[in-house]
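Take this structure first; my questions come after.
By letter and in written order, the chains are A, B, C and D; residue numbering begins at 1 in each of them.
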Amino acid sequence: MSKIQIFDDVEVKLVQQMGSDASVVQAARVSVTGENVPDVLLNNRDMGLINYLMRELHGTPFESNAMTFYIKAPIVVAREFMRHRIGVSVNEMSGRYTVLPGEFYIPDADRKLINIGTSAKPEFALGDSTQVEAVQLVLEDSYKNSWRAYEYLLEQGIANEVARLALPVGIMTQWYATFNARSMMHFLSLRTQVPTAKHISRPQREIEMVAEKLEAEFGKQFPEVYAAYQRNGRVAP
Amino acid sequence: MSKIQIFDDVEVKLVQQMGSDASVVQAARVSVTGENVPDVLLNNRDMGLINYLMRELHGTPFESNAMTFYIKAPIVVAREFMRHRIGVSVNEMSGRYTVLPGEFYIPDADRKLINIGTSAKPEFALGDSTQVEAVQLVLEDSYKNSWRAYEYLLEQGIANEVARLALPVGIMTQWYATFNARSMMHFLSLRTQVPTAKHISRPQREIEMVAEKLEAEFGKQFPEVYAAYQRNGRVAP
Amino acid sequence: MSKIQIFDDVEVKLVQQMGSDASVVQAARVSVTGENVPDVLLNNRDMGLINYLMRELHGTPFESNAMTFYIKAPIVVAREFMRHRIGVSVNEMSGRYTVLPGEFYIPDADRKLINIGTSAKPEFALGDSTQVEAVQLVLEDSYKNSWRAYEYLLEQGIANEVARLALPVGIMTQWYATFNARSMMHFLSLRTQVPTAKHISRPQREIEMVAEKLEAEFGKQFPEVYAAYQRNGRVAP
Amino acid sequence: MSKIQIFDDVEVKLVQQMGSDASVVQAARVSVTGENVPDVLLNNRDMGLINYLMRELHGTPFESNAMTFYIKAPIVVAREFMRHRIGVSVNEMSGRYTVLPGEFYIPDADRKLINIGTSAKPEFALGDSTQVEAVQLVLEDSYKNSWRAYEYLLEQGIANEVARLALPVGIMTQWYATFNARSMMHFLSLRTQVPTAKHISRPQREIEMVAEKLEAEFGKQFPEVYAAYQRNGRVAP
């Protein structure tokens, strides 16, 4: 059996981008003037406009831009990620066309492992040392077993798409995702803890880790839009 | 360890439906008359209209209807299924809120197991008896190992969402999916062998099995639309 | 010149429907049990679940249903209506394939005609009798002129699609629109006054008239979903 | 009455862009390798891949890019444009927040004015000189009447959103539209004459004029994707 590699984190890299706070202002200004606003530093009136658009649920001015990310995370995260249908374009590594790398995710010691709430109102807490150890050992052992089955089936000449049935949702996968600012904010509002939000559900920690890294990049590229998003705590549906 | 159950097929059940061939005609007629066409037997002119709409790439008349299905299939199929973003609404069993049932998929002896083509032009063939046996035994064994790890972690008090990392993509899941006729035809054109299509790629057999069962129900509910779809081999993009 | 007909209201008729409050519960329950809930009277736990889904921004359980409406309203409304891209399917009367009927919209005396706020914070008030009369007379006269030009060009053998350039956005048009409950609530949250909303912009009165009629039908078909929507004042984005 | 201005053409300007043929290759390669392909000149194998993706109906690799356009065209075109829901983001000049400029569209002498086919199989031909003159004179006269009504109502203090009811669909409007390559090809396949297409319907000439200008820019930014699109005559639905 070839060796497997263990990851305890996800990876997010900005690949390409188009647009900025100024392009939001520009898209909005066409509504009132048809004028072209040069892509320069924003003044106070522009920043007021961005906040106004966010508060008044004008969604489309936040769509005339794009960001493409490379993301590496376990399948369990990819599964949740792919449920965001609107304004998100995705290309994922295929277990049909290729033999997957033996890379697996195991939570590190900081990951809260136990649910001390209910399933409707989950509240997570750190596990004790036995629990942490159980997760580390049992997952690694189970991953190795699955990986051995996968490799064995491939050696027998079985097609990738059949052999992969043995692989766990904790295996790492990779994908490119293209967002616009609106779809990004939809994603963030559902996959991070928004301070001004009224809901109590929490995302699975691993997709939250992806979301936090996306959020950091988003905040850098669109500082005013991001500030308005945080202030208002919601985006046009 | 609790016992696991093995499935060698997927399940598709029609749950509810709205509309018919006649509602396609009705939606199209509003374009020219604004008139209401009663939901009755179609005449030749109506059937000609359906074929005309399909051939001329008028997509929206095929959207004023709906079908909800219950689907049970392995995660590997659910993963591909969820990539169809447009006009398909899905609710899937959650491995966060619930402990998943120990139900797993293993292909039966008719499933072509080996790729005798390339990855770009795959061509599948039956495996020999050793290969069939390897798949059956190795997958079942691997599933049992994964299931044991999952149950053990749950017993240690680990949260569902962490314990499930050990579960394989061959485990069965369940979901409701709502289509309209247009999104159904998009799905079928990508996940079944369309006689009139020009492309050579083949879907993974397991999602094709889901697609074939959806197709059978769709053909029953929309016989004229289905006939026009087959005749033209494509739908408005 | 053929006579024109004046309308001072919009028309909304429910054509067909699928699903109910119970189908929302059913779609949500698959997440936790995979069980099928019969389409019967809801108990308190079901109603609690609907409210929980709404509050916690679970959007997809509200998509496994459908309603098709026939709508008649001026083009100015159709223009705003068609901007709702997600989950709304539309077929509209075509001015290319047919000669449009000479039906035009003129606001009645109750329609607030003047903006006493700003364009960013509009606040509408009733016009005085001179203003009401001006709107009635000037619009009717202008519509007649446009209609005369349209008819004249058609008589000269000019194609429908060219002759219609003269027609005003106040002319009535007709369309079928299919929503699911989620897209309906998105629509309503942007096109009606939601008591719990924080935004101050107001929709154009004429699309609000359409929205109010849609809302009435929606509330009848999905009373519990509608109550939860009103209570929470927002839907998953 | 203020003067009106007549246009006989539409305007399309590329505002910003992200991605290229190479980014399509890059998005596709993640499926098989997870590797990052530098954004350089494509080799033959890359160009073969693009053609393969197009032919085999792989849609998502064509979505990891973006182009924003400024478009100026009559409302009759905007109406058709806004029906493209998927992957197209639009911000249009608003007749609620602003007084519209007095700019109107009248076809020039090259525009085929008469339909010598049927409505189902339209075939357009040039008008004779009387017809050309009728269109020019009658439309300009009708536009002036409508414009006079609009200006009069505004002078009486009537709100923009009510006064505009008199304005014709031949008035010019302006919008920003953001596409990705896939949504662009969907648009082009429905709004231009595709040589390899099997359908016979023709778009209204004015939206075809917009589409042709978009196509020219698209072909410049994505020459290999565009060539593959033309060769295959269709895109993943």
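Just so it is clear, contacts are C-beta pairs under 8 Å (C-beta built on N, C-alpha and C of every residue); 3 or more make two chains touch, one makes a residue touch a chain.
Predicted, not measured: the structure shown is a model, and the values here were computed from it.
S.K.: Give the chain pair, either A-B or B-C, that is connected by more C-beta contacts.
M.R.: A-B
S.K.: How far is the middle of chain A from the middle of chain C, if each middle is the mean of its Cα atoms, in Å?
M.R.: 34
S.K.: Rounded to the nearest whole Å, what is the centre-to-centre distance of chain A and chain B, using the mean of the C-alpha atoms as each centre?
M.R.: 26
S.K.: Per the centroid of Cα atoms for each chain, what is the distance between chain B and chain C, given in Å?
M.R.: The computed centroid separation for chain B versus chain C comes out at 33 Å.
S.K.: Check each residue of chain D and list the ones that touch at least two other chains.
M.R.: In chain D, the residues touching two or more other chains are 32, 60, 83, 86, 90, 97-98, 119-120.
S.K.: What graph shape do the protein chains here make by touch: line, ring, star, complete or other?
M.R.: Chain contacts: complete, every pair touches.
S.K.: What part of chain D is in contact with chain A in the complex they form?
M.R.: Listed in rising order, the residues are 15-19, 23, 26-28, 30-34, 36, 60-61, 63-66, 68, 70, 72, 87, 89-94, 97-98, 101, 174-176, 178, 180.
S.K.: Which residues of chain B touch chain D in their complex?
M.R.: 32, 52, 55-57, 60, 83, 86, 119-120, 185-186, 189-190, 198-201, 234-237
S.K.: Can you name the residues of chain D that touch chain C in the complex?
M.R.: Per the touch definition, chain D meets chain C at residues 74-76, 78-79, 82-83, 85-86, 90, 95-98, 105-107, 111-115, 119-120, 122, 124, 127, 130-131, 134-135, 138-139, 141-143, 145-146, 148-149, 152-153, 156-162, 164-170, 204-205.
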